[in-house]
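Both complexes shown next keep subunit A, but they swap its partner, so subunit B is in the first and subunit C is in the second.
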Partner chain A sequence: MTATSLIGQSIVKPDARDKALGRTQYGVDLKPRDALVAKVLRSPHPHARILRMDVSKARQLPGVVAVVTAEDTPAVHYGRWVHDRTVFARDKVRHVGEPVAAVAAVDEDTAEEALDLISVEYEQIPEVVDPQSAMAPGAPLVHEDMASYGPSTVRRGGQGNILDQTVISAGDVEKALAQCDVVQRQSYQAPATHHGTIQTHEAVASVDATGKVTLWSATKSAFAVRQTVCLALGLPMSRLRLIVTAMGGDFGARGTAVIEPIVVLLALKTHRPVALTLTRQEEFTGTSYREPAYMELEVGAKKDGTLLAVRGKYTIDTGAYHDSVGHLRPNTAMLVGPYRVPNFHLEGFVVYTNNVPRGHVRAPRAPYPIFAIESLIDAVADKLGMDPVEMRLKNAVQNGDTVPIGAVVEHVGFTQTLQAVSAHLEKEGKPQAPNQAWGVAAGQWSIHPIESGGPTSAAYVKVNEDGTAVLVTGVADQGAGQHALMAQIVAEVLSIPYDAVSLVAADTDLTPYEQATGGSRTTYRAGTTVRLAAEDARRQLISLASERLKVAGADLGMEGGKVFSREAPEVSVTLAALGAASLGSRGGPIMGSSNAGRAELMEAMAKAHGTVDGPIYCCHAAQVEVDPETGQVKVLKYFVAQDVGRALNPKLVEAQIQGGVVFGLGGALTEAVAEQQGHVLNANLLDYRQPVATSVPPIEMTLIEEPSQFGPWGAKGVGEPPTVPVGAAIANAIFRAVGARVTTLPLTPDRVVQALKNRP
Partner chain B sequence: MVRFEYLEPTSLGEAVSLVDRHWGQVRVMAGGTDLLVRLKQRVIRPQYVLNLKRVPGLDGLTYAKGQGLRIGALTTIRTIETSPVVKEHYPVLAEAAGMLGSVQVRNLATVGGNLCNASPSAEMPPGLLAYGAQARIVGPKGERTVPLDQFFLGPGQTCLLQGDLLAEVLVPESAPKTAGVYIKLSPRAAMDCAVVGVAAVVTLEDGKCKDCRIALGAVAPTPLRPRSAEDLLRGKPLDPGLRERAGQAAMEEAKPITDVRGSAEYRKEMVKVLTRRAVQQAFQRAMAS
Partner chain C sequence: MKQLISLKVNGTTHEVAVEPYWTLLNVIRDHLGLTGTKRGCDSGDCGACTVIMNGKPVNSCLVLAVDARDRDILTIEGLAQDGKLHPLQEAFIEKGGIQCGYCTPGMIMMAKALLDENPRPTEAQVRQAIAGNLCRCTGYVKIVEAILAASEAMTPAKP
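And now, the complex of A and B:
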């Protein structure tokens, strides 16, 4: 790093201005003039056999160009992870909203009319809508015959409706619990929640005369979506190019092929461009989102607050299809929280039901187990008369600890986050007003070994003849500023101004492979690859400069757009001159490349003996006011301490933390998809209540910078952890304010009033 | 959206005759904030949509001392929220209007639409009921005036007959020493429908409650006046014990359902709490007036 380093500078992300001014072009804005409009016919039933389907009337409607059903697709099952679905339901529907047919027509009204003309005869069969019933012997099976889904179907540990199950244990829980001075036991529940992105899913596909399809989609996983579409439709990858368009929010919604197979199929059928935009209602039945979860937990501690044992069970309702990377072991291990616990026995289950499919939402599967353990730890602290932060400090996971999944955590800044919260609460003092209090909760993210993530990426850095550079990367920017950050990394390595780097991104034919913009891994992992590619370009520049200046490479420096001799700085050559000269040089144009980000991380980790891949820790504190008569909870103040490793761009980090907290506030207080026998009762943003501006308190934060060994300049992931502990922080604050423990999310007024009545 | 024929009458007479002629197949549109959502979701599929906005004389507020306030059916919620006259003489209406949806919605939404949509949780009925408002209805056989508490028949159902349109809402002049309040309970601070809404308007005389009207939203198939609670309070000093009993009485009259916005038990309990609070706040404001 140099005196003029860009690392740690809050560079404004380049898309901010257009977004603020409403100029950003989204997929719908790019719709070709002659595009057909697609609409999807969806199942009205949670579980039914399709006895008969007649699309002839729809086909005859003037303006309808194509109607497609399961008959128009290859007989394969696909999915991004578990291959359990088909483009259209074949013999039976497994959830309300499952696609049954699709129409392409000259306009939306005609397409909708055509849907009305498709007749489907269903025979309803009994549905299972909660995992407990689905696990019971004799329960109706959601997937009767997964074995027939083909060799690529990953059936995980389970039987019947159980897709996956796991047990993790250490020590002797029974014995340890008997030795504890305090044992607390509690069940917790949390509902399905939705991303609620402002932009609904949209995609446009177009076919040229050679049969090559171009697909424009607002996805964060261009390559995975291409692969899934090709699998679903039997297309070679060379025939499908996916170009990522601007995303109006992701929060986990844009990692899998949701509508893309349908749009591509219709474009191939009609040889016309086809556009499909989901309605808000379809967002709630035709996508996948956070799984409801059930947690049973027992925690035992000694008088001095030392945690001795945790027994837990974690059951997830994955709906009719499984749209999750779903590392059940690390997910289940979340039940012990970020603590040293010598004895534990944890069970985890993933269960199919006839609910809408479940998938990723910001910090997949972390908030609910953390809600359980952080609520219960708080109860134990209260029972012991111990300060809740001190209780956590006493048991906090430390550098070099082996965590329940059996890997080691390093560069752990957890204790510092707890200390920061302690200091903040000291400064704030106890609220004097009645029914007000602070509550705290800790959180963690990315506690799994590197093998599980498959974090592959590559990047090119091209140096132009004028000394500016172009970064070519598969990274998609879902609004969090990833592109700004990648450019910042290149500019730093080449010592050129930030705006001298331009970017080509997320196009499956043009840019190299990238796994996804997700898991809080982009800066951490793709950033490493981009750094290595920029360093490769730098090496080539130095080598060319060495030839021209007749100075050994090791004696050359690079700064301010120049390569110069360290001994005699006036001996120098500009990057522009090098860029131009490279065109005629033996080595040809300068193009740095790397696909070694993963290799570098794995090597480093192998050396560090099976280390957890970039663990992140945080602690939150919320001040609430509770109206004990109506149960209404107002969040007055919020504080976050998070270990970010190194804040490469502090403004972006702050924005991620603020956004993450707001997202968490929704899940804590108001958001729940209301489901009844597989039907969604609140498929709109009026009754699915996300926070509004007035719901958000002032959010303060302290960034802890305990550098990671692996991320660029010590950076760790940022975006998901701030969502994780919010529910527990507020639940704990409610308890401290009025003595009521709410154990079901969200913490609605109704439940607060109920809990107040159940107060001992 | 479904295909429909768009009608745009330019007089009230023409509007009434069109609605009469196409009764059962026509939907009247004012601000469209309820109607368009349902049209787009294909919940309703009318053959005709009749836009009222070009009909003159249905818009605006007029206040005359001693006679009260006339609110044209097309008056927007935003107009009511911001009108100095309403704020001075009927503050409960301005208060309620300010809690409906968002500014963007309030700029489009009309009072007529809010009443005719007849949602049990609608924002404007409780305040209007508490002020003793009446509805002026114009139809093929002429016009009639109906007390607002006879206007609502059930969710989405009003007393409007074939060809009828709501033309105006009439709000009588309040007696001296009258004040009121509207309390809306909703989980989200804005852009939310009421889980329970309570309006109370109290008139004092010699420190006692001379008259009192309470109206509840979202706790029965229609907005509701809990008469037994009002009867308890009338003629008495509004002490805390009495207010508590009024809350209890209101609760006993409420017949809420459980839906995605709240459970029946919770709603019932909140009627008690909020009625007590509303009466207390109205009382305090009236004392100060």
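And now, the complex of A and C:
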């Protein structure tokens, strides 16, 4: 780092200007004027056989250019993890909203009319909509031939409707529980919740005369979506180029192919550009979102607060299709929370039902197990008469601990977050008003051990003839400022101004591979890749300068757009001169590749294999006021302490935490997809209640910086964790305020009133 | 049956043939090509489609195009003057009130309507005014800061 370092500076996101002007093109904003409009016909039933389908009338309607069904696709299954899906339902439908056909027509009205003209004869079969019944022997099968689903790497439960199951254990829970002074037991429940992006899913596809398809999609996983579309439609990857458009929010909605195979298929059929925008209603039945979950938990501790044992069971309703990446083991391990627990026995189940498919929503699978353990730890602390932060401090995970999945955690900043909450609560003092109190809860994320394989991404940095630079990366920007950060990293390594870096991003034909912008991994992992590419460009510049200045590379420095001799700084050459000179040089135009420094990185990672380098821990505190008559909960103040490793751009970090907390507030207090026998009853933004500006409390925060080894300048991920403990923090605050324990999310007034009645 | 209407958008008058059931949002986006105005729900629940019509903020997805005939309509594209950003636009950028930006046009138009009527709103009034505009990214914190900063910049507090 130099005196003029950009690291830690709150640079304004360069995309903000166009967005403020209304110029940014999202999804179908860039569709050509003559694009056909696509619409999807969806199943009205949760479970039914398709007896007969007739599309002839729709085909004959003037203005209809194509109607497609399962017959127009290869007979293959695909999926994000297990390959359980087809583009259109073949013999039966498994959920309300499953696509059965699609049309492309000259305008929306015609497309709508065509859908009405398709006749489908269904025979309804009994549906199964909760995992308990789905696991019972003799339950109707959602997937009859689950065992045949690829890929072979997938570990399947294989019994009835159980897709996946796991057991993680250590020590002797039975014996340990018998030795505990306090044992608390409780079941918890949480509903399906929606990502609720303001832009619905949108995509445009067009085919040129050679048969090459270009797909514009608001996705964060360009390469994964390309792969899926190619698999689903039998296309070689060379025939499909996916260009990512601006995204109107992601939160897990845009990590997997949702509408893309349909749009591409229609473009191939019609040889015309085709655009598809999902309606808000379809967002609720035609995408996938947070899984409802059931947690049973038992926690035992000694008098002094030492945790001895946790027994838990985590059952996930994955709906009709599994749009998740399948990390059941680490997800189940969340049940012990960020604590040292010598004895545990944890079971996890993923079960198919005839509900709408489940997938990822901000911090997938973390908030619910954390809601359970953080509520129960709080109850144990209360039983022991112990301060809840004290209790957590006593058991907090520390550097070098082995966590339940068997990995060793390093660079752990958890204790500091607890101490920050403690200090904040001390400063605030206990609320004096009746029915008011603070509640606390801790959270964790990214407890993934370092794999021996390196990051699944690459990047290039080109240096222009005038000394400015272009970064070529597969990273998509959902709005969190990922592109700004990536450019900031390049500018820092090359010691050039931030606005001297431009960026080409997320285009499967043009940019190198990138796994996805998600999981709070972009800054940590893609940022590392980008740093490698910039460092390679820097090396090439130094070596060229060394030739020209006749100074050994090791004696050269780079700053302020120049390479100079450290001994005699007046001996220097500008990056502009080097960029220009490189064109015909022996090494060629300067083009740094992340693959150049990769071997060293991978060696270091192999050494660190099995450790968790960038684990993220946080602790939240919420002050609530509860109306004991109505059960209304008002969040008055909110405080977050989070270990971010290193805040590369503090303002962006702050923005992620504020947005994440408010996202969590929705899940804590109001959000639930209301499902009845597989039907969604509140598929709109009025009845599905996301937080609005008037419902948000002031949010304060303390950032802890416990640097990671591999993240750029020590950075860790930021965006997922702030959503994780919110439900528990508020539930615990409610308990401290009025003595009522609500164990089902969201914490609605009627549940609070009920819990008040059940008070011992 | 289509009818020919004239729509005055951002100072320019357009003649458009519209079906009686088409919304103003449809016409602005699909026929005039002004895609800055966003669609989030098509049912009046998200505020992404907010435009200003005769000085009042409206959800353009709830207004029939025929009812907007001869009215004065301002969309996000008409806010900057001669390349100079409106103070609200400046403040949203500076304060970090923009993440994905999908709610931004509607949010800014709603805020403009507020400041036109009440140049020095309190924080609570700002929150009230934008309570019908959903943002999923920011938690509203920096949006509220931005609107208050723009208000301050446009109408400095009297000493």
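Definition applied: the second predicted complex is superposed on the first by the 728 of 760 C-alpha atoms of A that agree within 3 Å, B and C clash if a C-alpha of one lies under 4 Å from a C-alpha of the other, contacts with A are read in each partner's own complex, and residues count from 1 in each chain.
By definition in this document, a residue touches a chain if its C-beta (ideal position, glycine included) is under 8 Å from a C-beta of that chain, and two chains touch if they have at least 3 such contacts.
What you are looking at is a predicted structure, and each value in this text was computed from that prediction instead of being measured.
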{"item": "Contacts of A:R340 with subunit B and subunit C, given as first, second, both or neither", "value": "neither"}
{"item": "Contacts of A:V12 with subunit B and subunit C, given as first, second, both or neither", "value": "second"}
{"item": "Which superposed partner A:R241 touches (first subunit B, second subunit C, both, neither)", "value": "neither"}
{"item": "Partner chain in contact with A:T670 - subunit B first, subunit C second, else both or neither", "value": "first"}
{"item": "Which of subunit B and subunit C A:A480 touches, first, second, both or neither", "value": "second"}
{"item": "First, second, both or neither for A:L686, with subunit B first and subunit C second", "value": "both"}
{"item": "Partner chain in contact with A:R548 - subunit B first, subunit C second, else both or neither", "value": "neither"}
{"item": "Contacts of A:H271 with subunit B and subunit C, given as first, second, both or neither", "value": "neither"}
{"item": "Of subunit B and subunit C, the chain that contacts the larger number of subunit A residues", "value": "C"}
{"item": "Contacts of A:I699 with subunit B and subunit C, given as first, second, both or neither", "value": "second"}
{"item": "Overlap of the subunit B and subunit C footprints on subunit A, listed as residue numbers", "value": "109, 279, 686, 691-694"}
{"item": "Of all residues in subunit A, those that touch subunit B in their complex", "value": "108-109, 112-113, 279, 281, 629-632, 669-670, 674, 681-682, 686-687, 689, 691-695, 748-750, 753"}
{"item": "Interfacial residue positions of subunit C with respect to subunit A in the complex", "value": "19, 33-43, 45-46, 48, 75-77, 79-80, 85, 89-90, 92-94, 96, 98-105, 108, 126-128, 130-144"}
{"item": "Residues of subunit B that touch subunit A when the two form their complex", "value": "1-3, 41-42, 185, 187-193, 195, 259-263, 266, 269-270, 273-274"}
{"item": "Of all residues in subunit A, those that touch subunit C in their complex", "value": "10, 12-13, 15-17, 19-26, 29, 33, 109, 195-200, 246-251, 277, 279-280, 478-481, 651-652, 654-655, 658-663, 684-686, 690-694, 696, 699"}
